[in-house]
Amino acid sequence: MNPSAATEISSQAITLMATLMLLVQLLMTAQRMLLTSIRLFAIQSLLLAGIAALVAYHHNASHVYVVAGLTLIGKVIFLPWLLNRLVHRIQIHQEIEPLLNAPTSMLICGGLTLLGYVLARPFTSMERLGNNTLGIALTLLLTGFFLMINRRKALTQVLALLTVENGVMLAAVALTSYGMPLVVELGIFFDVLVAVMVLGILVYRIRESFASMDTSKLNQLKG
Amino acid sequence: MNLPALVLQLLLLLLLAPLVSGVIKNWKAKLQNRRGPRPWQVYFDLAKFLRKDMVISEHASWVFSFAPYVVFLTALLTGLMVPMVHTPAPLSLYGGVLAVVGLLALGRFFLALGGLDPASAFGGMGSSREMTLSAIAEPALMLAIFTVAITAKSTDLSQIALSTQSATGKLLNPAHVLAFAAMFVVLLAETGRIPVDNPATHLELTMIHEAMLLEYSGRHLAFMEWGASIKQLVLMTLFLNVFFPVGLAGPGAGAGALGLSLLAFLAKLLALSAAVVVVETTNAKLRLFRAPDLLSAAFVLATLALLSTFLFH
Amino acid sequence: MLLLTPILFAPLLAGLLCLLVPSRRAMSALGVLAFATTLGLGIALLYQVLARGVVTEWSEFLSADALSAWMVLLISVVSLATSLYAGRYFRRDEAAGAVTPGRVREFFVLTPLFGAGMFLVVLANNLGVMWAAVEATALSSVLLVALYNRRNSLEAAWKYVILGSLGLALALMGTVFVYAAASKNNPQSLPSFNWSYLMSVAGRLDPHLLKLAFVFAFIGYGTKAGLAPMHTWLPDAHSEAPSPTSAMLSGVSLKIALYALLRFHILTTACLDSGFSRYFLLGFGLFSMFLAAPFILVQRNLKRMLAYSSLEHVGLICTGIALNTPVTIFGALLHMGYHALAKPVLFFAAGNIHQTCHSLEFRVIGPGVGKVLPVTVLLMGLAAIAAIGLPPFGLFLSEMTILSGGLAAHQTTVSVLILVALLASFCGILQQLARILLGARKPGDHANDARRLDGVPAMAMLLGGLLLFSVWLPAPLLELLHQAAGIIGSQP
Amino acid sequence: MNAFPATLLIFALGAYVAGIAGALLFQRAERLANGIGFGLAAVGGFCGVLACASALATGAVTASQSFELFPSLIPFVRFSIHADALGCFFGMIVSLLGWALSIYSLGYARGYYGRKNVGVFGAGFNLLLLATTLVFLADHALFFLIAWEIMALTAYSLVSFEHEQEETRNAGVLFFVMSHLGTGCLILGFLLLFQASGSYGFDSFHALGNTLPAGRRNVVFLLFLIGFGVKAGMVPLHIWLPAAHPVAPSNVSALMSGVIVKTGIYGLTRVGFDFLGTPPNWWGVTVLTIGTISAVLGVLYALMEHDLKRLLAYHSIENIGIILMGLGAALMFRHSGHPVLASLALIAGLYHTLNHAVFKALLFLGAGAVLHATHTRNMEDMGGLAKRMRWTALFFLVGAVAISALPPLNGFVSEWLTYQSLLQGFGTTTRLIRLMFPLSGAMLALTGALAAACFVKAFGITFLAQPRSNPARHAHEAPFPMLLGQGILTAACVFLGLFPTLFLKLFDPLTQQLTGQQLSQQLTTANGLVLSGGGAQGGTVSTLGITLMLLCLLPVPLGLWLLFARRSRTRIAPTWDCGLRGLTPQMEYTATGFSKPLRMIFKALFRPRREVQREYDFSPYFATTLRFESHVEEVFQTRIYRPLRWLVLRASRRTRALQAGSIQAYLIYIFVTLLALLLFAL
Amino acid sequence: MFVHDTLLNRLKRGCETMAYPAGPAPALPDRHGGALRVEAAKCQAGCAACVAVCPTEAITRPPNQAVALDLGRCIFCAECIKACPAGAITQTGDHRLAVRRRDDLVLGEAGREQLRLAVALDAKLRRLFGRSLKLRQVSAGGCNACEADTNVLGTIGWDLGRFGIQFVASPRHADGLLITGPVSKNMELALRKTYAAVPEPRIVIAVGACAIAGGPFVGHPQVNNGAGALVPVDLFIPGCPPHPLTILDGLLRLLGRLEDAPRRS
């Protein structure tokens, strides 16, 4: 396989995986079961790890392997496990009615996707691998953001936040030839880990105090 | 300062003032088809008051006893600032129209305090009304005087008189006539005449000036009454010699001219008294709250006078 | 001699040691010791920076320029005061049963970590590390906010962490974009992500990318810095956190985020050679100032009011920097310092009032707090006078500096707007505080406070410093500020 | 400035500083704190008077230089003072009042023993004097603003000194808020000047206005007019004044009404005559109009008051109006190129400033003594105090005569000068605008007459007749220091009234500085005994002559007395009560009743509300109880400020809805901002 | 024009004040018999017809004494004249009735058949009040008839003002009191106070039977039987009510302004 063909294949694969990430994101937007969402997030993270691995392989950048590995361990295995446990402990499985119904949400997500692509257009030339991965990354970020707004359960908000994070990581992998410097990656990784743990603690405490996880009930502080 | 002139004018003021009041009273009675008190009745009254004992309220403070002297002296002093038979007035240098108005206000200030001092409701009422009406009369008075003062470019009464004298046509100037009219209304108010105040009323609730004097007796009362009549004379003189300085002797006039001037002044004074009598006889006293209407009419007249100085300049 | 490393590690060490020591008193002493050390080191750093320009350590992993040195001083002072204050504060809380000893330990462990995180933010040379450090400060402070574990504090913490994390995710995006821009320039090797490097190649970076990067970084760090309309977590967190934490959050944490934002601003300006980022700072700064005023005016809660006042001051600092003249930037930095000295005093006093009156609602605190807490209220009054920008305190001077700089640069409209906003919040704060501090107690009120001097040393230290530096700025400090202003405003 | 006054001036400032330190240091020992605090303030005030007056009298001010008080350790600010003629003049006012008020306070502060912290009180008083003096002397805009704000701050603290009452607190806040809004305007004004000159030094502002573009210059003028106008209490920016002045301790009220308010006048003069160059006509017209309105409305509202100190406060508004009339006329003359007339009007305004400071402080001190004795400010509870507080009554009466602009006291002199300048102004132009002069003069006459009415009421109801309450019945004379303080000011009233020609010399350097004219020669005739309104025929007045003549005429009534009534006796009897069972205090005329005719006449303005509740058993003509309430509210309060406040608060409450507690909403804010910025960045 | 008409009319009418005292006094009305004359000498011994008919107990005849008519109490009803069989009591038609002393009003004894008309004030007081007298009227519980007749003096026909006599509102301005009515208990304080309010020297004039002695109310527990009990009276003007002419005569007599007035040395 000549290098260009390899690049081509890698590129195709990355594009595919990125698109799948977006698809997973849309699925998360559309459904309500908490455990399903966690699983979907795990899948999304797995795809991200795959992309990272592909990039690492293609550029022969060993530290990006580390990133892929960390993503795999952290976001595909550890965090879903943690969140699963939390769901079981707090005995809440289903998201209540989101603010906007599914069709409207999908419509908005479509719009956001468009925006992501438009934003990414000037920078497509920078991508070594994949097509429009940056656009997808931005879309992931924006739809994740939208998901946070649209959902009211504390846990789903955490999940949505994590998908935003995935989007950022995708951008990091997609845009830069070698990913970020290792120390940064490590920092980011541990931060995200700690963040989720902190969030978990809070979710737990909120559940204890409010007997609910509905964040729309967290509205005592006004003015 | 010309001492003989000063003494002369002082005597004139002291002696003429009660007579003017008496004459007005007499003529008023005459117009009511009665015989009326003699014109010099006021002298008798004053002499009697001076000789009588005084009864002073237990609530009154020193202000009460101080006020009559202030009223009397300020009236006298203003009289010396107004040209009576010759220009300049004896104390013309010590103050012009502003000082005259100010000194009269000083007298009124103490008069009103004297009314309040004995803790009588009538006195307070009189003070309140007096101060109210004088406050409303004051701008009209000032504006009327300003109209002539501006043309004369001076606030000195003698200068104003001279300036008015110098141009005979000025007397028929619309500004002058309007100011003259305004001043006449103010004169009625300031001297406590019908239709603003009734000097002959016995009913406390309708009183203004009298109400403040209710507690005064003896020589205090004499000085108050005398002061009031001097003030009346001063205002009339001001009115006559500033707005209508016909016959007024100029500076450095000889004895003959002065005599003539005195005669002219007396004649004008009598004429003005007659006018006051006519007004008093043919009008009813206004309600207290209607009096401002009259005075604001005077103010409007004065403003029109001022405006016409601008229009016909 | 190593300077930056001990600054970073002293609090870290203290925090970890706090896990071990038994007594609250010892924990508090450790905190004081750590931050006193950093303060001393910070002063040393000041002279080093003045002498050498930039101080670096760990092969440029850590680096400190004038701006960083200034921030180090601010962090040290505020943290020192907080540690001084916290001991007594938690003794009373514990006595009242408001917190468990475990929670108190949590505080004494997390606060130095929080401080260490902030030190790392300002000392890190690498933008990514800086991001990570900001995230670390956010996470440590979230737990501090939630310390009381009451419904309201949990709600506040939740909002803080969600909005903060989201913001930081966006900031990370911005960081990624910058990195991308840097690596595009240098495709062959692993590019340096160091500040010093980035600045050196700033002119050659992709402007579009940097614009996008700045937008993300702006929203991200702006959220953390409490710029309106991303500020919504701020009043909640400030009001529900324990007062020492509120003081840290308001006194320095906001400014640390602002510092991070400023780094992006400097870079963007250097790259674009235009006022692109300035307009952001200007617009949002002014908006923050104006938004704060009505909230202050009809506020019902003491600490929330103070939080909105912080919002206003942050807005002013942003605006001052955005006016982009040496004078205004100098003024803004000066203002940062004065505000860092004044605002914690207010929060400390609010803490005392809270513990005495058991509420922060103006209605409950009611008139006449001065009768109960005379010393606290006196100091609070002075600090409030400072905070609303009255002489003889320095905030007046820094505000005047910003305004005159603005006018000298013919930014008349902006200056007028600044002035109007300042006046509005002045009226609000004055009216609110006069309502509670002065007056006589309501009959039947038995709130009294035996320990009237609690927290006074910390407040007196800050206020004394404020007063001192209001009339006398030492020459080195002045020089440092000018250098720092030069770093921010060296480009158009 | 030659060495002597400058040293003395510094000494005065030093005394204030020492007073602050001493009073604070010894705050535990209240007697000592009182003695040190106010004693040093008195020393400082005395030195200040001496320094400023001698500097003005010897003309040393014209040669004075700006010098730095102490080197500034922060950039931008220069703590430099320049005792120029204008500053010195106002410095003299503040020092004079500081002197008298401090002596008064030595007695007044005793009332706080054991109740309040006298040390803090004394320190605040000193600080206020210090800051105010520095406001007048500052030669650098930032220093000026610092002094200005410290002055406002100290004044606020002193106003709120008796903060236990809610009324006091609210008034304090209102004062401070208004003051600060004004300061905002000042800051902007100075900033605009700074923008033009590039420096904050006052020396760089001289006649700067001539180089400014017209629009900019007008804006600057308006800003300063508003800024200083708030402090001066000109209508309609005055609402804080009647609220704040009454609630302050009386010595502070006196200082505020006497001096603090004058800082606004100082500022307007400084800006209008020094900084802004030759003014356009409308500036003067505006100031004159505002002055006229302030004068009339101030006195009208004063008449409606029965709170003695509020009444006095409204009179401050009136007098500020009169001062502004002088200043406005001066501006108009400056525009039309009549420097002599401008100087005359300026002198009129500034002389009135001095006079008002003296007599208003005196009146407030009197009110303070009354308050001290009766513990009420309500005139309806007073009465009969002239017998119980003889000296206070006398002093108050002198103040009342002076403020009513009655000859021969000082109020008359300055109003006379104002009249003169207004009347002579008529000839300066042929345009219709000149009608303003005599009309303003007429309004001035109305003001004067109403003021006289008001002070008849104030003095009469407070001091004369029967006591209306128990405290008034048992009132006692004020302690000696309080009397001495009042005595000094009384003497000042008399001297300023009787010897205006002497004091006119002090204005020479001032007018020389501001208009390039010296008028003292022109304004005096007859060996300096007679004041002349400029020009030999323009009109003259001699208060001294009037007084002497009054004394000379005294033999007339005395002679009549001797002639007719040598043997008459005087008997004390109950007041004539129409033969009823004796007069009770309830039957006396009340303050409210006294002003009723005016309330009715100016009904359209006052819109009085009255409520009468009558309870009766069988016939409405025989009421068993009757409750009468009458309110007059200021039209500015009801028509402008209250709706404005309501609007602001409502808008604020609406804004509060943004922070409704929903995290979703907060996320949306960020999201929308992000989208907007992204689109913008595209 | 109103002003014009008024003035013209007034001027046309001229002076309508009566000539008295320079000219003749106006005639008394028919029903007014003027002063009474009592000649006790004419009385029949033991006759007390007049005593019985007198409604105000003005006529007394103590045992073994001459009849005495107290004009101070008399209401001039003329019943006694009709009742007297001897014609001892007669009407003189004289309007002059004012006296200075209370017992000058008691008629009957020989030598005291007529009123001893009032003498003028002493020289000092006359000098003081002669040309200027201000009076304060006190209506002390009467029927208002005396006040009405006093008022008549103010009309243009009588014009009391021409003599320098004037009624004033304030007792402080007054030189004396003019009291009408029997001085009921309710007016007692008022009268005392009014008297106290008048500055010295002062005179008191009691007008009408009530003010002199209580008139028809004499002896009633609620009246003081006239002003004399409370204040020193200088002039008594009897009548019920006295005719204005009588009052005017009394006043002028007191001031020594009538030609025929007997003067004290």
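Order of writing sets the labels: A, B, C, D and E. Residues in every chain begin at 1.
The rule is simple: a contact is a pair of C-beta atoms (placed from the backbone, for glycine too) under 8 Å apart; a residue touches a chain by one contact, two chains touch by 3 or more.
Keep in mind it's a predicted model, so treat the numbers as computed, not measured.
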Mutual neighbours - chains that touch chain A and chain D alike: C
Shared chain contacts [chain A and chain E, defined touch]: D
Between the pairs D-E and A-C, the one where more C-beta pairs touch: A-C
Centre-most chain, if every chain is reduced to its averaged C-alpha atoms: D
Distance from chain C to chain A - Cα centre to Cα centre, in angstrom: 31
Chain B-chain E separation of Cα centroids, rounded to whole Å: 41
Centre distance in Å when chain C and chain D are each reduced to the mean of their C-alpha atoms: 44
Distance from chain C to chain B - Cα centre to Cα centre, in angstrom: 77
Where chain C touches two or more other chains, by residue: 158-159, 162, 166, 170, 212, 235, 295, 298
Set of chain A residues in contact with two or more other chains: 119, 145, 148, 157, 215, 218-221, 223
Chain B: positions in contact with at least two other chains: 47, 51-55, 214-215, 218
Set of all touching chain pairs, with the criterion as stated earlier: A-C, A-D, B-D, B-E, C-D, D-E
Residue ranges of chain A in contact with chain C within the complex: 119, 122-123, 126, 141, 145, 148, 154, 157, 161, 164-165, 167-168, 171-172, 175-178, 180-181, 183-184, 187-188, 190-191, 194-195, 198-199, 201-202, 205-206, 209-210, 215, 218-221, 223
Complex interface listing, chain D residues touching chain C: 73-77, 142, 145-146, 149-150, 153, 160, 163-164, 166, 169, 172-173, 176-177, 180-181, 184, 187-188, 191-192, 194-195, 198, 200, 648-649, 651-653, 655-656, 658-659, 663, 665-667, 669-670, 673-674, 677-678, 680-681
Complex interface listing, chain D residues touching chain B: 383-384, 386-387, 393, 397, 401, 404-407, 412, 416, 419-420, 423-424, 426-427, 430, 432, 434-435, 438-439, 441-446, 448-450, 452-453, 455-457, 459-461, 463-466, 525-526, 530, 533, 535, 537-542, 545-546, 549-550, 553-554, 556-557, 560-561, 563-565, 568-577, 583, 585, 587-589, 593-598, 600-601
Residue ranges of chain D touching chain A (in the complex, touch as defined): 656, 659-664, 667-668, 670-671, 674-675, 678, 682
Footprint of chain D on chain C - complex, ascending: 158-159, 162-163, 166-167, 170, 211-212, 214-216, 218-219, 223, 229-230, 232-233, 235, 280, 291, 293-295, 297-298, 367-368, 370, 385, 390-392, 394, 396-397, 400-401, 403-404, 407-408, 410, 412, 415-416, 419-420, 422-423, 426-427, 430-431, 434-435, 438-440, 470-473, 478
